[in-house]
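Next up: some structures, all given as structure tokens.
In what follows, subunit A forms one complex with subunit B and a second complex with subunit C.
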Partner chain A sequence: MALLEIRALSVGFETPAGRVTAVSGVDLEIGVGECVAVVGESGSGKSQTLLACTGLLAMNGHATGSVRFDGRELLGLRERELQRLRGPGIGYVFQDALGSLTPHLRVGEQLVEALRSHRDTDGATALAEARRMLERVHVPDAAARLRQYPHELSGGTRQRVAIAAALMPQPRLLIADEPTTALDVTVQAQVVELFRELRRELDMALVIVTHDLGVVAGLAERVAVMYAGRVVEQGPAIAVFAAPAHPYTAGLLAALPRLDDDTSVPMRTIPGVPPRPGERSGGCAFAPRCGRRAGDCDEQPPELSGSGPQRAACHHPLRAEAP
Partner chain B sequence: MTAVLQVESLSVRFAARSGPWSSGRWLVAVDSAGFSLARGETLGIVGESGCGKSTLGRALLGLVHPCAGSVRLNGERLDRATGAGLRRLRRHAQMVFQDPQGSLDPRMTVGQSVAEPLAIFEPGLSGAELRARVAEALVQVGLAPAHAERYPHEFSGGQCQRVGIARAAILRPSVIVCDEPVSALDVSVQGQVINLLSRLQDDLGLAYVLISHNLAVVRHLSTRVLVMYLGRTMEQGPRDSLYSGPLHPYTRALLDAVPPPDPVEARRQRAPVAGDLPSPLDPPAGCVFNTRCPFAQSHCREARPGLEEARPGHLVACHRWREWPGGLVSARRS
Partner chain C sequence: MSGARGLWRDALRRLRRNRAAVASLLLLALLVLLAVAGPSASRYPPDELDWAMMGVPPDPASGHWLGTDRLGRDLFVRTLHGARLSLAIALLATLVSLTIGVTWGAVAGYAGGRLDALMMRFVDVLYALPSIFFVIILTVVFDRSPALLFFAIGAIGWLTMARVVRGQAMSLMHRDFIEAAVAAGAGPARVIFRHLVPNLLGTVVVYATLMIPQMILIESFLSFLGIGIQEPLASLGNLVADGAAEMETAPWILLAPAGCLVTIVFCFNFIGDGLRDALDPRER
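Take a look at the complex of A and B:
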């Protein structure tokens, strides 16, 4: 059984301009100990999908469908029950580490609180555990950091502290939303390496939400690519990167600037722009930008289909070329 | 050929105080930067946060005052110019900003924003001439003349960035400083903007200064590349020489930090350097990179390396570059 099972999840927001659909009909499973990347550009619904799972949507947001964690339905749970679940069940790491730490609490107090709100331990034991956790995520000079405030730390150390705080109650699932986007490139590489190490050592499932296919490549076993609120392709990372089936995935991979690109020709791009939430058509949302568009693409949105583990929501998917 | 932009030993520093009674300290944001840029060329300036790349870009346009050195635009001293003289020079040096929406006035139509530089520098134009020039500029960046009537909030980030480029290019400047022009854009749109910049450069003979943290993006447009760290120039040289044979360990680290979009290769990737960037207020003694450099020796912690010409036009500030004259090999592949 999957640890997290998302079925037909839709998320909408009530706005002054009417109801806006951010996520429509997403199916996604995260296995025990598995690492899955949810990839998409801004407005694709990747963050709202995972926020909806943990009851963290904005006040005007509403989720329908089903989200089961360890067999238990999460949608419609009361806030108090959700709070018990967050932490030991599902941990969250956000892009903005400074914003996700409490500015007037010392690092040590925050880590201790993250533990003691879920487990009955005395302060000294919790503080010792906090120090061990900082060392585990390779924060240098951990004992001194415990006494510091978030604003005194560098960006990279702050994100490590945020990761440590999420790990304190030993979650079975960690959701990291753009965990490296705000970091400098050399520090980004360190945090990706840290996640890889944690995956080896801890029995924990990991969902990385990101726009950056490069970050995902070295981490995820499985990838789900989202566009305009839907999952358009999912499958094993190696298969999706080697032979994407959806034209959007293929376009995104080709558009990624690489160090070995041929610079004498223009960069490969996807023409046009992603649709805004609310201006989605009845057919495939990617059709206006797609080179493989045909008549049926404008008529009805394609469902995820495919025989193997790699499935794409496309009426005219790319077939893997014979090697 | 005379250089469009000629920069010599340019330094910028800011007064930094930690409290009202503490004695002032200086933050050296840019330390003795120098380069020259010809028509149709692009200089890529690369580095991480706090390296001084944006301050250098702003100093090139006279938006911050250097404390030493010189900036010559088409042979004239821009750093000494004031008032009307500075305004006259500025029409030849324009800027494109990182935040495409934030750099446009939300209460002005796109047409008004693009027309504003013309209204300032060519006040004699009639309304019809102005509209024709705006329409031409919009078409040039891949938008339609009718877009002039719309407001920034009606556009996507990529389209707003096109407007920002139209506004910078409408005066036919000699040089445009682009500060992180694509980092706020979606991946599928980034290439469109890079290709647009490249085409405009060919059509109009523009010179660019391209400031970015992304080495893969910089490689597409640049003729030469300058790598900065904590205000210092670590390495600068012709693009291919720098990418295929980087001489500074920091350049190598930046190259190795670009995640390869391939699961097999990416699993071999290791973080190229440990630690965080030191505070620019308190840079390490000796070589500023020594605290994170895998090749640092005691000498590196004591003496600051000067810029040496290792290959024709290729400068590096490292005590040990002679040990790898062909360039540092990626740690990832070994």
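Take a look at the complex of A and C:
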């Protein structure tokens, strides 16, 4: 049984301009100890999908469908129950590490705080645990760091501290929302390496939400590509990267810059922009930007289909023509 | 909790580097010490009339260092007495305002939505009541006493505090660290008092130090109207009011308590400034 099972999840927001749908009918499964990447452009609904799982939507947000964690339905669960789940059940790491650390709390207090919501431990034990956790995420000179404030740390160290804070209650599932986006490229690589290592050592499932396919490659076992609030393709990472079935996935992969690219040729991009949440039409949301668009694309939104583990929501998937 | 202690210890360390604040703190400490111990050390009691020494200007030789008032009472002793009572009332009233206002505002700002609207409308309604009438009614219904006075003033002061805190809390609620704390499973009380309120303290402390002199002024206003501190008890308020009546012929009767009042106000302002810088770990 899957650890996290999202079925037909839709997320909408009540705004002064009316109801805006950010996520529509997403199905996603994360197995015990599995690493899944959710990939998509900004606004594709990838963050909201995962925030909705533990009731972290903004106050005007509303989620329908079903989210089961360890077999237990989470949507509609009481706030107090959700609180108990956040942390030891599902932990989060956010993009902006400095912003997500409470400014007046020292690193040590920050980490102890993450534990105190769930466990009654005396200060010394908790602090010792915090120090072990800092060492585990490879923060150099952990003992000294415990006494520092978030603003005194470098970007990479902050993100490591934020990861350590999320790991303190030993979550069974860690959701990392754009964990490397705000970091330098070299630091990005280190953080990705850290995630890889943590997965090996801890028995923890990991969801990486990102727009950066480079981060995902080699880390995730499975990939779900989202576009305009829907999952357009999902499957084993190797298969999806080697032979994308959805034209959007193919476009994303083609748009990745490579070191051996001929610099005189302009970078490949996907023409057009994603539809705004209010403007989605009845047909395939990607159709206006798609090179393979045909008549039926504008009539009916495609469902996730395909044989085997790799499935794409496309009327004219790339694999169909190559037998 | 260890976190709160660490915050204040660090703030104190930074405060010590601020000369104006340290000087103000020392001066205020001296004033408080004088106000508490001074009157009993003087040979003149605060309410004894001296028919031979009425309206005498300051003269160290006679022992009346700041002169006497129209009834021959020693102004030095009376000013210190007044400062003691005024400070006590202002501090207690500020404390009352602070406790109610911060809790009310932080809860409203945290909750948002309907509860916030309800709580803030309640504040609006109380705001709409003329506060001086409210205090007058309180003093008429209950016996006049300094205790009632500080309670009444505090009951007014928390309204503004609640608004200030609620506004700050609302803007902080959108910060990522609150979301991160919620995502880590922190309950409402923990989010409010561990993540939200300590981040408000800078504002609250600065506002509170501005509130103390304001409270002294309200007290003096009420005393001037005759519903605050009554003779023969002295407060800075009624001493200034007394002095104002005599300022053309005997300016020292006004200058002694007024100087004391100004000094206290200045000290609190400098201390507030220093505290604000000290409590914000990003500003060094």
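By our rule, the second predicted complex is superposed on the first by the 318 of 323 C-alpha atoms of A that agree within 3 Å, B and C clash if a C-alpha of one lies under 4 Å from a C-alpha of the other, contacts with A are read in each partner's own complex, and residues count from 1 in each chain.
One rule holds in what follows: a contact is a pair of C-beta atoms (placed from the backbone, for glycine too) under 8 Å apart; a residue touches a chain by one contact, two chains touch by 3 or more.
What you are looking at is a predicted structure, and each value in this text was computed from that prediction instead of being measured.
When the two complexes are overlaid on subunit A, subunit B and subunit C sit side by side with no clash.
With both structures placed on the common chain, the touch criterion links A:G99 to subunit C but leaves subunit B unconnected. Using the contact criterion defined above for the overlaid structures, shared-chain residue A:L174 touches neither subunit B nor subunit C, since it reaches no partner.
By the touch criterion stated above, A:V273 is placed in contact with subunit B alone, subunit C being left untouched. Between the Cα centres of subunit B and subunit C, as seen from that of subunit A, there is an angle of 80°, stated in steps of 10.
In the overlay built on the shared chain, the residue A:E109 is in contact with subunit C alone; subunit B does not reach it.
Legend: residue contacts after superposition of the two complexes on their common chain; A:V209 is shown touching neither subunit B nor subunit C.
In the superposed model, A:C297 makes contact with neither subunit B nor subunit C. Within the superposed three-chain arrangement, the count of touched residues of subunit A is higher for B, of the candidates subunit B and subunit C. Following the chain A superposition, subunit B and subunit C show a smallest Cα-Cα distance of 6 angstrom. In the superposition on chain A, none of the residues of subunit A is touched both by subunit B in one structure and by subunit C in the other.
Those residues of subunit A that touch subunit B in the shared complex are 41-42, 140, 154-157, 184-190, 192-193, 211-215, 217-220, 237-238, 241, 251-253, 255-259, 261, 263, 266-271, 273-274, 276, 289. Taken in their complex, subunit B has these residues touching subunit A: 48-49, 156-159, 186-192, 194-195, 198, 213-217, 219-220, 243, 253-267, 269-277, 292. Interface residues of subunit A, counted against subunit C in their complex, comprise 54, 56, 59, 80, 83-88, 91-92, 94, 96, 99-106, 109, 112-114, 116-118, 123, 149, 151, 162, 165-166, 169. Subunit C meets subunit A in the complex at residues 2-3, 6-7, 112-113, 175-177, 179-187, 190, 194-195, 198-199, 281-282.
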